[in-house]
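Quick heads-up: structures coming right below.
There are two complexes below, and they share chain A, which is joined by chain B in the first and by chain C in the second.
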Partner chain A sequence: MPVKYHIHTAPVPNRFPTVIRSGVIAWEEGCLKCPKCVKRECVYGVYDKRGLDSRLMSDSLDSLCKDCFRCVQNCPNRLIHKALNPDYKNLGDHYWTPEIISKLWFQAETGRIPVSGAGYGGPFSGSGFDAMWTDMSEIVRPTRDGILGREYISTQVDLGRKHQALEFDTLGNLLSPPYPSVEIPIPIIFDILPWSPPRDRINHTLLRAAKKINTFSIITQEDWHPSLQRYLNHIMLYLTGDPEGFDKEILKKLRLIEIPDGLKVLEIQKWLKGINPEAVIAVRIPLNPQAKDRALELTQSGLEILHFMADEFGRDQGEAPLFIKDRIKEVHLHLVKNGFRDQITLLAGGGVAMAEDLAKLIICGADAVTVDIPLLVALECRVCRRCAEGIPCPVNIAQIYPPRGQARIRNLIAGWYNQLLEVMGAMGIREARRLRGEMGRAMFFEDLEREIFLPLHKRN
Partner chain B sequence: MLRYILRQCSVLQCSPLSSGLARLVSGLFTVPSQLMAFYEGIMFDVSQFIPPEVKPAPTRFRHGLSKFRIVIGKNCDNCGLCLNLCPFGVYQPGAKRPKAGKDFLCLGPACQKNEFYCIARCPKDAITMNPNPSFEVLGDRRWTADLLASTWYMAETGEIPYQGLNYKTGDSGGGFDKLRLVFPPNKALDCPDEDICLSLDLNRTGDERPSISLPIPFYLGGMSFGSVSINAILSRVRAAAAWGTFCCTGEGGYPDDLKPYDDHIITQVATGLFGVREETIQRVRIVEFKYAQGAKPGLGGHLLGDKVTTEVARMREAVVGSSLFSPFPFHSVYSVEDHKKHIDWIKATNPRALVSVKVSTPNDVDMVAVGSYFAGAHILQLDGSYGGTGAAPDIAKKNIAMPLEYAVPKVHKFLKEEGIRDNLTLIASGGIRTGYDVAKIIALGANGVCLGTADMVALECLRCHNCESGRGCARGIATTDPELTQLITQDWGTQRIINVYAAWMKQLRFILKRLGITHIRDLVGRWDCLAHLDYIKAEEIEGELE
Partner chain C sequence: MNKENLELNVAIFFCQQLDPDQDSNRRVIEKELGPGIKFFPLPCSGRIEPLHFLHAFESGADLVYLITCPVKSCRYQQGNVRAGKRIAFAQNLIREIGLDPERLILINIDPPLPKRIDLLTRELLEGAPVKGHSLLSRL
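And now, the complex of A and B:
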């Protein structure tokens, strides 16, 4: 078997204090000075270790407390309380919730996947990706010795066009020459950030991370800078302006090039192929209700990668916006129905916030997924969007030191990779390529409600 | 007969001595297994079961956690009026002024309408009441602070809460929390509580094995030694014995301390086979074959190295301090035929045991159920994804496998269509928080339920989700740390769990009476007793929704 893919991680502390869910309020007034103070009895030694948390640059009391409430319940004069932190509640928005942001921070900091005791405490389901569950198998064999064992789960995917079937002449010679193809070991590509402070250092950081985990980062034509030349193997260049004005020597060396959808898309593709026949060309298409027809049309015209983009909340551009997973499902099934699905690579992005979204979007039909905002969150972004309005970033992301930022993004992607393995392992699927479109191995809220809860009300 | 009497003694007093005697006596009169099965079947008459006594078991901590916080200000002249007014015992006398030491018993603002409302009656206007900020930090969408506090109250008193806490539903926005029981008009029964039977038969296959009946519709699920403390385990086991039901060992071996309760133990055979020996299988009346756990379906178990103490390591035949993995899946089971082979193996090892199969809730859970039945299982346990765990990836808990509220009706319907519904005992677990959840899941199609988290909450777990960190649970439940283990005494723990279930039994009898049902088995699969608020409006239904 090929060499096993692995991302090495090491903890990378935050530069700024993280925003914590709750804090400790301990009154001094009225203290009885008990010889055996509850603060001394803290199991986690929170009060003994109290000080300026060097990691967070804040009072360590709040960050170390694990909410066991023993001091709250045992202080004779009830001087210790806990309270929710209003700043935490205000993080992000309805989609990029405080829980998502703080879990992304945790992964970027530690490189570990979020693990906890006791049962799941969240809502029954929700909108978007939360309206689906992935399957598990009681007796299918995932791997002989666990998901991280020798006989491992492959997350590699191929980007490019494929033949529906190989053709041979009467002598047995192959008549269908192979299309150029790019392999990535993990089905994640870094996308253009919807908003960010000045991107000079950020782009370097993203490309370093893309190189580290051996994938690609999409860089726009306007962001191109000769200093990025050393990352050519990991750049997916997005040609937004006039392609003919771009340095042909660079175009010749790129492996992935993206162009916007439009009337001249076939023409530009042909022109690019003329310069660099080995490059795989992707078309970036806004996700909308016509996506399925456009996908079929472009596939039939011989394109290689279709990259569908939803907005940052995962919504398409329809009048009553449909969520990305549902629209991609539609596109995938339309291509399947017409017999073209295996010829094209589908990329999808917009609103991918957690590792499970990655797995779910692939199950709904994407070959690989593009990720944007979580990369910024790994760099300590609070999703306040002040940068979009020109207000300075509270955590100064523009000044990130690229090696440090790289390590945080690497940690986050390592966490996502390991979680993808968990999901695939539970399903008994050992190939990310086979996860694509496996909707029979997922369960959808609407289907289950229709099947299970609606019949409850057929009263006689 | 002697054995029966002695077992009853052991049930009622939880005394290791009398139960030990029972085994000695039964050892003296060796009975052929078939005959014994026959006796076991007729001996345990649930109608004669005497429920354990409820006794007060107050919080181990100085103060209970209350929804409202009462403060008596400096202008109090210690007249003592509030002490006399409050019928709930919120106040205790103090040297300078009374103390509101039990404000978790307070009704809160709802008390305003009462004549004894202390805030209005205080001659010095010295009493203030505010929401307790700490209370807001507690709980989550499934186990809200209200549910936690009401469970603590039930564990302390054995009574249904009166304080206006929501003890019926959580805030998860779907499933249990959107389902309501429909109480039809003019059907309510007017009979004593004792006339409502809550018993559960575990063997419906009609084979020659014992028919075990429980006086209550549930047993307690597996928590291994290692993941929780020995005192927590023994509290659960003793409470199970007192209620005439069972408690599962989980996958971690069979501590010697449990031997006196052999007749109330389910031993677990899981993928790691930790602590599984011929002798442990032969010792019990039910053996549980665990395929998957709802909290981490398809992922196997993982005991972190910190918790593998000398004692844990000895029992699991492992190395101290090194993490233990229980792999997934059973590496010898890849088909129903393999599955049958394993069940046959257990049945041959212990000719009197019933076999339970615990599975998670995948898409094809209905097929799994049928497969298990034909492989020879007596009990099928569906473990939903809200179930407890010492440590599991959050991604698994949230996303993998379907919620229990879908799986149970799906399996119930399929088994009915296959004509085998009456031959299999269907147990639901993973996320049953209240007596109302019990009634709802039975109405959806389960025969009974299996519980775990509710016991933990009875022992004052507050779901901080840090079972796995450091020395383990700071509240002395999920830990093997010798000092933290001492935070719980067995007597206290046993009583707390007994009390919670005493309150649940009251809830269940109350529910059944209002439904006009005298035996809980008649509630199984009664979808007409349920309404889902997303699909039907209260005014469209005749009857009360609760």
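And now, the complex of A and C:
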């Protein structure tokens, strides 16, 4: 049995107090001085540990309170109230909701899976990834218990081109030379951040974390710095400028190189292969309605990895934008229909916010997924986008201490890894490679609506 | 805006009722004044404690404002009244430690609500007392 891949975690406290949903408003004036004050009886000791963080002026009351409302209910003079915390309302946006951000913070701090206790109280379905459910028919089989089960569930994936079939000569010698390939133990690659404060320390942090969990982080040509050389095994270099102007000695040592899609893509790939035949070349392609045709064309031309990018809300670039899962499904099925799917690696990214999105995107046809904003959130980002507007970052992410940031990202990915194991265990799938394109093991709300609810409406 | 006040560090505490779009509205000023201005929205102005003001001065603020909603429009009925009492208490403390209590300013805004926090801030900074840097921020 192969050595079980495992990410060790340890709690890493936040630098800044977390922002929680509600704030306590406790009047001191009018206090009856009861011998048994409700504040002293708080089971979490919230009022005893009270402190104020002067950087954000946030009261520890608001980060420690668990919303049990005992003090609010029991104060005889009604001096304690709870209100929505304005800072919480302002976290993120319609897609990167405060709930998602808080869950990511929790995972980065603890490395654990967030559980909601007394069942799920949210809506039945939503848009985007929420319009998809995965099969859980094997959830009761203890041996497949994802995290602690006895059967090993492998999340390893291969990046690179594959032969459709092996060819042998009459003597049995292999005629098809193997393509270079890179294996990663978890189908996650760190992507370029859509916005961030100056990235010097952030890049070091991402690369340290990529090294720790044995994956790759995409670094742009502009962000390249000789101090990053020690991470060469974990860098996927994105050549945005003139590739010939880049240090050839470095190119020779890289295992993954990415180039933008364009007219010269085949020419650049050939040039790079001339320098480093062992490197696997990826092409970064904006996701749009033409994606499936472009995918087929590039696959037929001999490319190795196609990396499709949606925007930060998971939308493609069409006039009526389609969500990433639907567009990737289309690309995957088009390649399957034409008999090319197994030859190419599909990466997909943009709008991947939680562990379940990762599993769902793989089910829709991606081999592996690229992640961006959650990594920044692990470093305590509020998704306020002030840095994109040139306003100082409220949590000073540019000054992150790389070992600390690395540990938080490691925790986040460990949590996602365990969630992926849970999803795969519940589906009865033991290989991330086999999860790819398993659409028959998932339900899509649009399909259910069309197949089940529409006929009911028609009957009436 | 008064040129000398542009150089000052200003902390503004305000009730969230004032401007539902405060997070986007205040960005123009944050961009203009950089780290010199800090906004702290509160669930209710009555939530403020004297300690908040002391911490703000300790962290280098030269002027500290507390903006409350208009009289009788507090959702918690007495929040703005209590905020007034706390500011008076904090001013005494500040005087006792040898700082200028006039650097701590209470603004009870007039109805109607909402008001844009960026416009309000410009108005405040326009009419701010010319005080120069506080003793603590010069340390």
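Before moving on, here are some points about what is shown:
Keep this in mind: the second predicted complex is superposed on the first by the 435 of 460 C-alpha atoms of A that agree within 3 Å, B and C clash if a C-alpha of one lies under 4 Å from a C-alpha of the other, contacts with A are read in each partner's own complex, and residues count from 1 in each chain.
What we mean here is this: a residue touches a chain if its C-beta (ideal position, glycine included) is under 8 Å from a C-beta of that chain, and two chains touch if they have at least 3 such contacts.
Computed from a predicted model, the values in this text were never measured in an experiment.
Chain A has more of its residues touched by B than by the other of chain B and chain C.
By the touch criterion defined above, A:Glu29 reaches chain C but does not reach chain B. Of the two partner chains, both chain B and chain C are touched by A:Leu84. When the two structures are aligned on the shared chain, A:Gln269 is found in touch with neither chain B nor chain C.
By the document's definition of touching, of the two partners only chain C reaches A:Cys384; chain B does not.
In the superposed model, A:Pro392 lies in contact with chain C only, and not with chain B.
In the superposition on chain A, A:Pro114 makes contact with chain B only, not with chain C. In the three-chain superposition model, chain A touches both chain B and chain C at residues 22, 25, 81, 83-84. Of all residues in chain A, those touching chain C in their complex are 22-25, 27, 29, 52, 54-57, 59, 81, 83-87, 90, 384, 386, 389-392.
Of all the residues in chain C, the ones that touch chain A in their complex are 11, 13, 16, 22-23, 27, 30-31, 34-35, 38, 40-44, 46-47, 49, 51-52, 55-56, 58-59, 75-76, 78-79, 82, 85.
On chain B, the positions that touch chain A within their shared complex are 59, 61-65, 132-134, 136-143, 171-175, 177-178, 291-292, 294-295, 297-300, 325, 327-331, 333-335, 338-339, 359-360, 362-363, 368, 385-403, 405-406, 409-410, 430-431, 453, 456, 461-471, 473-475, 478, 484, 527-528, 530-532, 534-536.
The residues of chain A lying in touch with chain B in their complex are 21-22, 25, 43-44, 66-70, 72-76, 78, 81-84, 103, 113-126, 133-142, 144-147, 354-356, 359-360, 419, 422-423, 425-428, 440-443, 448-449, 451-457, 459-460.
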